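One chain, chain A, links the two complexes that follow: it is found with chain B in the first and with chain C in the second.
Here is the complex of A and B:
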């Protein structure tokens, strides 16, 4: 990496930035899921790591969250954008050099940000935990150069139209910058009280809805047609998806605070808009699944399609939960319980992660021009992720329902803790499976770079047979 | 951008995003900002002072720059017995909460009463100040700058006090140690009344930051914990090792917040304590080892003060 920092733009091979972002994202996924497993162990057995005062749960919880969101998910997005955007514009990335610097400063910034959270230096606001100097760094050093590369590549494209994936990339990056700067207003302007609480959730809601889920969807809009060879089922349904994200997903922030004393009109409005999230959700899932027509055998045979379509199928329960769990009729029961934790992992570890993993698997093979080292290890990774996630999701959903029932009947809280204990153990096992699966993934990727079979020029990795 | 449609699309995108932000930020902002402070909000502001998350004056969240909440049963100036009164002491240099430094935080009525009756506009951070929360004849709460209205200065008030709570510093530690990842501060409106007490009202938060509602409740709500359990001894044991008082608790131990010395100046040896505790846990001894009393300037004391103050 270092040798490209001061190289001339034309001497940097295409795809360098994407490869660096891709490798970083896998490394951060290992760190993030490892921390998740570590934290989950403490919830099952609080004295397990007793004596490691430097790794207190209250400090490590948000380090896990931000390692996964900023490290794994965002960097996998960056990797995807750095190779998909130019490919769809039939051009080169606007600046590989900027991309390489961006990746370096991204990693440095993320280490710094996580170290501060680890030390307990926090704004005390969930998801916008970072202190404002770090927020500034994230916005202007980590995100803006990334946006520039995406936007300038699209502007300099050599195609007439812009494909669905690229509208999403450009639009979502713009919304991310706006959401980040506006959502951290409580810190810039020292907003206090309910305004501060509400803006915290305005940020948390929108960063998920306008960055994490739509970019993951945009990636699948590229991967599925590209690998199956089928054209996207409907460009117009893609439009419906995009515009309904902008209009419906940016408005229901208050549904995260349904039991707080926010104005009632705001909660009702947010709740109605929250159900309308089903519009982009249904449009998207139908569009992708219909694109698969006639190629369903690839869901079994092709590892990238297996990951992608699993992610898309997980988006169905995700959006069904998301649309309805925030209505007053259901929210009073499950608010603040493990159900929500399960739902958050369904979005990030289920839908989003599976889509990104496919994109990183595919992108690395294309950019390195190497066939994946081992299909067996990739399948192993897939099943570790899927089974690990499923254990996590099912156990946390059940524990959330227990907690909800106990909340309604006002059962003494310690009885809830006792009842949840077995599910906490299952949660830990699930998280640990994801962690070990990811280590295998990194090994497989390193071996792909070193010893994968060469993919001939003009060929797709999917067209070359596996040798292992 | 090659196609006219893209130009139109960019405009549509900008307009819809702006409209969305107008509805979800500007309108709620106007509505929420028009809410008047309750008495509770005034008490919370004066207890917690300026920001309890990261800020210039306490960048590493050590509980610096915070007021002290005191209980008085005699007048600090005259020494005459008075009804039990809570006062908030800001030693010189301690920063004031938002409601004292900005005119639009408290709400019109409360702001007017605080200035005309409470004389808060005369208070300054450099000189230090003592405040109390009072109520007008028509039930409007207001902040009163007691140094001017009652002649209570900082030193005399601290000296005359029966009890001093470092609850503001404790809230900083509550944020730093991530207590709010499991303990919410938001009893829900639809239930929770019996177990966790009254849900907060709309005006209860003015000037408070961060509000640390919490979102993922893995432990009891703490908004009114001081009313349910006001035993300092219980809290001290529970923070040191929650399994001493609740064998099924999954809360981490906070024994490291005691620091090196206990209240008597004796060294605290956590390893030796653990050894005795594990012997007790295995049934080899009848009683667990005793929990050291936190020193007056220890972080453990601040956190216990904060929790006991959550009435």
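Here is the complex of A and C:
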């Protein structure tokens, strides 16, 4: 990386920034899932470790969350945008040099942010845990240069039209900047009470709804037609998806606070909008699955399609849960339980992660012009991720239902802890499988860069995946 | 940006502009990707309409709301009646048995006469220990002449509810209106969204036109 920091723009090979972001994202995924595994072990075996205060659950939880969101997910998004955006505009990235600097400063900033969280320096607000200097750093050093590269690449495209994926990339980056600056108002302006609670969950909801979910969807809009060779089923359904995300995903923040003294009309509005999240979900899933027509064999044969379509299929339970669990009739039961933890992992470790993994797999092969070092290891990674995630999701969902019942029937807390113990162990096993799967993934990608077979000019990696 | 309103459900774009859009669509390769112009399948349109109906129905205020203090007023009166007090103070049976028996007496008595709160009482059952905790607060509010429908029960507390039902004269009632203004906003918001998306897709070439992808790819 260092040699490109001060190189001239024309001397930096295309795709350099995407590769750096891609490798960083895998490394952060290992760190994030490792921290998650450690945290899960603490919940399964509370007496496991009593040493350093900084390694206790209260400190480690935020570090895990932010390592995964800002490290793995956001950097995989950056990697994807840095190669997909120019590809769709038949052009090159606006500035590889800016991308390389962006990647370096992103990693530095993330290390600093996580170190502070680890040390207990936090705003105390879930998902917007960082203190304001770190928030400013994230906004103006990590995110704005990234946006600039995406927007300028789209502006400088060599096509008249803009493909669906690039609408999402440009729109979501714009909305993310707004969400980040407005959502952190409690930190800038020291808002307290309900204002603080509302803005905190407005931020948390919209980071999920206007960045993570739609960008993951945008990636699949690229990967599926690109690899299958099928045209996207419908441009107009893409419109429905994009605008319904903007309209319905941006408004239901109050449904995170259904038991709070927020005005009831605001909760009613948020709750209706919460169910209407199913509109973009139905449009999106329908569009992608119909694009697969005649190419379903690739769901078995092709590793990127396997990851992508698994992610798309996981979007179905994700949105069904998300749409209904926030209604008053259901929320009173599952609020504050492991069900919500399971749902959050369905979004981030399920739908989103599978889409991003596909994108990083595909992007690295295309940019390095090398086919995967080992398809078997990639399949192993897929199954470790899918089985590990499934164990986690199912065990935490059951655990959440137990907690919900215990909450309603006022079962003593210690009895709930005992009842949940087996599910906490399964959660830890699932999370640990994801962690080990990711180590294999990093090995596979490093070996791909070093020893992967060259992909012939004019061919796609997917076309030569099984040729020797 | 040629607009036409002759046949708005077919197209909102002039023929010239449609021709230009079709040309770009067929002659441009977006990174090797092509797009079709299919409409939403009809069953999916039905599913989306069902989603909106479900969104309104499942979030309707009757479900999942906290109980108003008014629904427990009769419980409190009956709890303080001689007949129920005798059972509650019966030392020959356990506390739990006394509670169960007393609450059975109260609920039996309540079934003897009609009440507009019957449905809500079924939604929000209460046990005698809980009733004991909230009863003094309800009596206090009643003595003060408060409208108990403006108060809700939150755990051990009876508090003014956070509804802001503005009346024609400007006064604010803390009562659940039959139709929450949040739903009103959601209704118009959804209509606005549908109109905007219909305009967006009707600006595209009609879905009966199938692009030929062999030209650019």
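The rule is short, and it goes like this: the second predicted complex is superposed on the first by the 462 of 468 C-alpha atoms of A that agree within 3 Å, B and C clash if a C-alpha of one lies under 4 Å from a C-alpha of the other, contacts with A are read in each partner's own complex, and residues count from 1 in each chain.
Here, a contact is a pair of C-beta atoms (placed from the backbone, for glycine too) under 8 Å apart; a residue touches a chain by one contact, two chains touch by 3 or more.
None of these values were measured; they are calculated from a predicted model.
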Practice prompt. Figure out whether A:88 sits in contact with chain B (first) or chain C (second), or with both, or with neither.
Written response: second
Worksheet item: Is A:3 in contact with chain B, with chain C, with both, or with neither (first, second, both, neither)?
Response: neither
Item to complete: Have a look and say if chain B or chain C is in touch with more residues of chain A.
Response: B
Discussion item. With both complexes overlaid on chain A, does A:161 touch chain B (first), chain C (second), both or neither?
Written reply: both
Discussion item. Applying the document's definition of touch, where does A:335 land relative to chain B and chain C: first, second, both, or neither?
Written reply: first
Worksheet item: After superposition on the shared chain, which partner residues are touched by A:57: those of chain B (first), chain C (second), both, or neither?
Response: first
Worksheet item: Now for A:42: first (chain B), second (chain C), both, or neither, which partner does it touch?
Response: first
Discussion item. Touch test for A:266: chain B only (first), chain C only (second), both, or neither?
Written reply: both
Item to complete: Return first, second, both or neither, reflecting whether A:233 touches chain B, chain C, both chains, or no partner chain.
Response: second
Item to complete: Share the list of chain A residues that count as touching for chain B in one structure and for chain C in the other.
Response: 160-162, 243, 247, 251, 261-263, 265-266, 269-270, 332
Practice prompt. Going by the contact rule at the top, pick out the chain A residues touching chain B in the complex.
Written response: 42-44, 46-47, 50-51, 53, 56-59, 61-62, 119-126, 131-132, 155, 160-162, 167, 171, 174-175, 178, 182, 186, 190-200, 202, 243, 246-247, 250-251, 253-254, 256-257, 259-263, 265-266, 269-270, 332, 335-338, 340-341, 403, 407-408, 410, 412-414, 417-418, 424
Fill in: chain A residues within the chain C interface of the complex
84, 87-90, 159-164, 222, 225-226, 231-240, 243-244, 247-248, 251, 258, 261-276, 278-279, 282-283, 286, 290, 323-324, 327-332
Worksheet item: Quick one: in the complex, what on chain B touches chain A?
Response: 1-3, 6, 9, 12-13, 16-17, 20-21, 23-25, 27-29, 31-33, 35, 41, 51-54, 59-61, 98, 105, 175-181, 184, 186, 188-192, 194-195, 199-202, 204-220, 242-243, 246, 248-253, 256, 274
Fill in: Of all residues in chain C, those that touch chain A in their complex
24-25, 28-41, 44, 47-48, 51-52, 54-56, 58-59, 61, 63-65, 161-164, 176, 180-183, 185-186, 189-190, 193, 196-197, 200-201, 204, 207, 211, 213
